[in-house]
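I've put the structures underneath this note.
Each of the next two complexes has chain A plus one more chain, namely chain B in the first and chain C in the second.
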Partner chain A sequence: MSTYIERPRYHCALGGALVTINSIERAVAIVHSAPGCAASADVAATVGSGYWGTTVTDGRATPSTNIVEREVIFGGEERLKEQIAATLDVIDADLYAVITGCMTDIIGDDVRAVVAEFQKQGKPVIVAETGGFKGDSSVGYDFIWESIISQYVTKGLPKDDRLVNLFGFVPAQDVFWRGNLIELKRLLGLLGVRANTFLTPFDELPSLKESSRAALNIVFSQVHGISAAGKFEEVHGVPFVSEPLPIGPTATEAFLRRVGEQFKIDSALLEKVIADEQTHYYRFINPLTDLVNDQDFQRFGVIIGNADYVYALTRFIADDLGWIPYFAAITDLLSDEDQEKVAEHFNTIDVSLRPKLIFEKDTDRITQRLNEELEKENDPYGTPISPAFVIGSNLDRPLAAGLKAGFWGVSFPITNRIVTDQYYLGFRGGLRLATDLISVLISNR
Partner chain B sequence: MTINLKSSEAPIREQRLGAITGYSGTLKDLVGRTGCGGTVKNCDRTFSQSSSCSSGCAQTLLAGIVDAAIVNHAPIGCAGDTIYHNIANQYGRFYREWGNRNIQLVNTNIEEPDTVFGGADKLREGIREAWRRFTPKAIFITTSCASGIIGDDIRGVISELADEIPVPVIQVSCEGFRSKVWASGFDAAFHAVLTGIVKPPREKQPSLVNMVNFRGSARAYITRLFDRIGLVPSFIIPFSTVAELERISEAAVTATVCTTLGSYIGTALEEQYGVPYVKTIPPHGFAGIEAWLRGIGAVVGKQAEVEELIAEERAATEGDLAELRRRFKGKRAVIGMGPSYSQSYLGVLDELGIEVLHAASWHYDQRYDYGEQPPAILRAAERDKDVTFSVADQQLFEITNTLSRLKPDLYFSRHPGSSVWAAKLGITAIPVIDEYSAFGHRGLVNFGWRIADALTNRNFVNKLAERVKLPYTEWWYQQDPYTFLEKEAV
Partner chain C sequence: MGLKEDKTVPGREDRVAACMAHGGCASGIGKQDKICLKNNERGFSQAGLCQLLPTLGMLLTLPETAVVIHGAIGCGSTGFGMNTSIKLHHLLRGNPNAKDSLWFSTNLDESDVVHGGEQRLEETLLAVAEKYRPKSIIVLQTCTPSIIGDDLVGVIEKVRPLTDIPLLYSHCEGFKTKIWATGYDVAFHAMVHGFIEKDKEGPPPRKKERAPGERPKVNIINLASMGKPDELELERLLNAIGIDVVIGPNFADRETIRNLTQADLTVSVCPTHDDYLVHYLHTEYGIPYVMKDMPIGLENTSKWLLDIASQFGLEKEARAFIEVEEAKARQAVQRYLPALKGIRVFLSAGEFRAVVTGGLFQELGMEIVGLRSYHHDDFGTEFYAQLVKAQGDKDFPVDIANFQPFELVNLLKKIKPDLFCGHVFDNAWAARLGIPCITIFRIFDFYVGYRGFYEVAKKAVRNLRNHSFNTKLSQNVPEAYRKDWYDKSPFAYIKSDKLEDAADLQDTAESFQTAVAAA
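On to the complex of A and B.
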């Protein structure tokens, strides 16, 4: 069980479910909770994700029962029923997702029974119990997906052997989820595999409704979205694989080769796609060599963020950028079992480039743990990792300043720049990331 | 009605001030029926959208105290919006040239087992950690729905730690489910400061003004104005220190830019320590600043200096105001703001010559803590022309419906998340996020030019509106905006 956290880097289960629904076109959440929950969750997600901004209803226009003390005492089921009925009239959507907050889950409203009434009338209403105390945004992502998968997605459709569903991207929590999904869809498309991404502004609800046609689910995480994919397999018989986030040419080539094998892609096509994308990366990186070399832009890497990004970023700076990963802090709330899984994954990195890995969700304690590591270094100059570079969230700027290190925000929250269609996945995402990181080093010129 | 600083928490506004979040009618009707001890009953809604949480309002004030820390006794999500508070903090520090630093907040991460077995242990550890980590001058424990329903004995934990933690540790009762009026969270924060921080006066400071505000952007302007009448402002609560807050009982006067914000602390300081609270309309526009400065001047005996100052400020800005009024001729607007601003801006827009078609107020306090109706609404109701008036805790479906019917040129809003819908309807939206917009004579003129600029190029909103569909059904646009508001029993 976890204890206190200084300035959490995620929202609660309700927040994760809310932003997932808000990312799905023509879906709307009906929040059964206290007056401020949806607005608070929304502001955290839409500000912290590089100003994602308003979605269809955004947080403050999200239908919400706004229950108060009276309902805590007498129960909130009647209020919810009235709210759902009114929402169906007022809000123009094709999927209505009832999600609950701490209060309703503690007082034990039978929300499933209330929603079942509407489902019986054929209304597209689903429900998930997402009380905030049940976990973080990623947990909420899994909860709402389990409900979508079992209550909304059509059962019994024939399979399409060139169709995959992509999971593991918690909107806002992965600040780049939109761009990342769009790029993955493009890459897979080059191999003749169609991908359902669900959470970009260009996805339409029918692709979700009929997602049970997919031959495979790919979860781009070892820990988030796994239980949703498990539910998918159980309900619709679609198996899943877990893939690390492919950032940069080395990781993405490996990813495409695994996809090629899985889908028996013609090897000539596979080689051509990989070669073309490699070419794109290197024809831009190649001319930067003199800058990077002459200025000695190799850095010691300090990487802070969620399990998926920290691993992928470590890999990228080690495998492609030629930096030295020194310290990696994973900030998710993870079970011991998940921590072990993630740690094992890090053990696949060659020991000479494997960073010290910690699991720490608390911002200042990350600094403390890093300082402890630095004190152990036997360095006569007192600067064992100079020059360093911190890839983290906006909360890690003071840490970077303390190290006199370069800083770039990749993980939530990012509040000092706008993120729209940027992405860091794939060959081109790796190019973008290299561009951003090196730009920091010359930004004072 | 007297504020009870012996009590562990401030009663919510619904109980204390007769605050309502549901009403539809006219300004004169509301003022008439809530005068002379009359009250209107709150109307509930059978459809509602999210509003805001008291805990966010409490934390936005308290997280700004530079040497205090917050222990947010809540599931992690309740600390989510501190991202926003941190942005406000970092901006504020940047402009004050204080260097980058995060707000000092620890969340106790209430999880499922704690809802069964209680969260007292986590709270205890959280307080210890906040002390160890920040060595703050005070620690505020903000509560949540979860901690409230579990029934954790927060006072018990605080008294257990009394010997261990040598600074005030103060409970802030801001559970979101207690009140639909998010401003109850401001009162919870002020109550905590008044009961846990403020000390009895050692000696009066005859030039000190407690300036109750949010972010303090107009510090230089106010300092200059006050200097002319021999006063020195202390801007509270954000960006003040615990030591400064300890001494607010010694001030000559308390003034505020927002009467919704200032009512509790202003009244309490007056009742408890005899610090006069300026109860005029807020200092927006000519009429606002003049009434406000006269109110301050009367307390400190500087009437003549105030009149001289007013005459100067007027002379410096009258020409611009006349030009702005000429430009705004025929322009029509809707207002949607918190009560103090909604009422105050009726006056501001009058001065600019902009016609108000409808005003919405995010809640309405039928009377303030000192027992009187809000002064700005009384002033607005004295105008010949009545205006339709609604009270809603930022129910945007009502606003969107109203805007699409009235098609105003301008929508003036306060609070994030409201102006965006007007913009998407192609209406020029003027969000009043900075509490000092339209402050004083010069602020009014600046604000006027900002509106003029916004009206000069409307391409962004016009093109946006052509391409965006709002989430409402066609059916909804054909309904009365208050279809889901319970009818008042007559």
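On to the complex of A and C.
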């Protein structure tokens, strides 16, 4: 049974589905719900993701049935039908995705039947039931992908053994999803593997339509996107692997080696790609050596965010930055089973650098749990983890201030800077992250 | 019925026959059948807001209050955004260390939808009361618990005896009204019932007569969207003619809100925002009110001020003050007038704000060529005719739309204004067409009174001077709508449920064409 959540840092299933559709070029959502649902989810995502903002068919331009009491009493199917037909007439798009809110799921509108009529006429309309009470945005991401995969992606295409699909990036919940995907595509491309990323502004719909050609799906998460990838395997026979987010040289090298093995990449090519990227990282890092050592820029790390980032950031600060991970708080709504999976993954971190791991969705209770840990240290000066650094979301700034720690926002919501094409994945993303973190330490100069 | 007796707040379509779908021209506003307008709808619609959002935005401003959003998790997802904006407000109010707002979601899931969420709500209220000791707890009822039949009031009354913290509640289900401005009423309802009517000390007694020589004290009803600079300007205007002010209820604590019952006059700066509260204070506490104008632009400011002054026999002081202030403001904008002369402007915002800002632009020598109001009710009616008259009977198209950017973009492409002045999230549509934009209000800037008159002129000239960002942008953005949409009337999807309206619509289409041609 769930409990209340203080200062939640995600939106609902409808919101997750909505922002996923909004990230796909020439796809448009048709929200079948009360007025306000689309706006609420959209504003949360487009502001909290470092001001992703809106383009032309999202935000307040999102087609929405805006159902009120009358439809709640008499049913909203007629209104939905009218809205879909009108949307096809007015909005210039190639994929129309009907997604539903709490209201319509509770009153039991047969949205699948309504959409089926349009599908019969050959209209590119799909549908997913995404009532907000069914879960958070990550759940909504999986719901909409399951619908895209089974209702839109072409079946029975021949496989391409050098093509992969990348999953696991919930737009806005991963504030850096666009930059991250673009960088992953570049890296894989260096190895001769083409990647479909779907959710960047540079992806085209045909790559989605024909994504069943892929030889493999890579899910960059242990928990999000897994059920979508399972659906993909079931419908299109494409297997999947789950990979941690590769942040920085150590994790990215390991990732590329696994890809090399999977796709039987020529070892000379693999070594060259790794060496070139490694060189890029260290030729920029090397000149910072004075600063980092002279100024003792090692920190105790407190990391707060979703399961994927918290693991990857912990790895990066431990393996590449040489910091001491102290406390890791995972804020997703996860089942017990998923929590176990994630916790096991943390056990692969050497015990000397393994942080205390908690699963906690309440912003305030994270502080409380951290303070309990600090109490246990029994430090007579009361500063057992000074100097500390908090990598979290904007909601965690008061916690950082309480510790007199440095702070940098990596997880949703980020509202104090703009995020466009920045990314933290790969060697170069690791360089960007190192640059950002160290910049915080000198920002008062 | 009124705020005191209403168990739940009626939607504005019922309370004031508000309408959110109509297209026509300014000269026609007020001449249509109100009831018919009220029922207008769209066959194609885009996302609006729901009443929960303004309710949450207002109630989160109450200091050290915990807001519990009873529903599925998404309904509280904008809390952090409002928190950011409220922190900026506090910064402007000289309170940089204000704590973060506190908001909670009861996080109803599939099992709760079957079994009900009352127990969860009760547990949440008790836990929040004990752990955070806030100065008040406010529950917002959303669609899901309302549909599954959770008894919000029952839970509140069960918990009330168990805590000394004031409990407030709001029925603000999104599906209950098309007019999200109802959310303002809902927030006022929660504040009044929580801090006055059901307060542990009971409602304050009526104020005694003002003693001879005592300075009059007036309430200024503020808006969550009004910044500190504007509040300072309003305070300055009234103080200057010998009137003290109490500003609330947004950002106000329990005592200040109770104190609203002790004023000599209630002053609204936005009738369409405030009437529900203003009438409560009038009916229950006999407080007279001024609720006609918004002090934006010279004429409106002057009327507003004289109206208030006349309540206390201070007209002479007000006239003297107005004369000095107007002279100063007129002199200050002299340098900007040449650049503004004949500029064709399109406005978009809540109706009242849009029409009065139109008056300000006309005073600067500009012409209104189009206006979009989020909804229409009687408070704004007379201003349309005034605007048309003030520019030599040149009519202009009006779109009553709860956003609906597809209509706006269609209109803008036909009208091609020189300047767009819109609410936040409106300007982008004009910007992508390459039109220079100024925001109709921001919490950091002056808009009201004399200072506002000068600042808006300066801002408009600055944006007209260089809008290369928008110009270049317009050459690099995709089109959202099919080409043939732009050949149609912007109001093609507005439906009226009265048969004789077919004729009205024909009239509308014709007068619209004329208005566009004139513009």
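The criterion applied here is as follows: the second predicted complex is superposed on the first by the 444 of 445 C-alpha atoms of A that agree within 3 Å, B and C clash if a C-alpha of one lies under 4 Å from a C-alpha of the other, contacts with A are read in each partner's own complex, and residues count from 1 in each chain.
Please note the rule applied: contacts are C-beta pairs under 8 Å (C-beta built on N, C-alpha and C of every residue); 3 or more make two chains touch, one makes a residue touch a chain.
Owing to the predicted nature of the structure, the values given are computational and were not obtained by experimental measurement.
Following the overlay on chain A, a clash is recorded for the pair chain B and chain C. When the two structures are aligned on the shared chain, A:Ala61 is found in touch with chain B and with chain C. Contacts of A:Ala41 after superposition on the shared chain: both chain B and chain C are touched.
When both complexes are overlaid on chain A, the residue A:Glu69 reaches chain B and chain C alike. Of the two partner chains placed around the shared chain by superposition, chain B is the only one that A:Ala401 touches, whereas chain C remains out of contact. When both complexes are overlaid on chain A, the residue A:Tyr4 reaches chain B and chain C alike. The residues of chain A shared by its contacts with chain B and with chain C are 1-8, 10-15, 31, 34-44, 47-48, 54, 56-57, 59-69, 72, 82-83, 86-87, 89-92, 101-103, 106-107, 131-136, 333, 395, 398, 413, 415. The part of chain C that touches chain A in the complex is made up of residues 43-53, 68, 71-81, 84, 99-100, 102-113, 120, 123-124, 127-128, 143-144, 147-148, 173-178, 180, 402-403, 405-406, 425, 428, 432, 477-483, 485, 493. Within the complex formed with chain C, the chain A residues making contact are 1-15, 31, 34-44, 47-48, 54-57, 59-69, 71-72, 82-83, 86-87, 89-92, 101-103, 106-107, 131-136, 333, 394-395, 398, 413, 415. Per the touch definition, chain B reaches chain A in the complex via residues 46-56, 71, 75-84, 86-87, 100-103, 105-115, 122, 125-126, 129, 133, 144-146, 149-150, 176-180, 182, 393-394, 396-397, 416-418, 420-421, 471-476, 484. Chain A makes touch with chain B in their complex at residues 1-8, 10-15, 28, 31, 34-45, 47-48, 53-54, 56-69, 72, 82-83, 86-87, 89-93, 101-103, 106-107, 131-136, 333, 363-364, 395, 397-398, 401, 413, 415.
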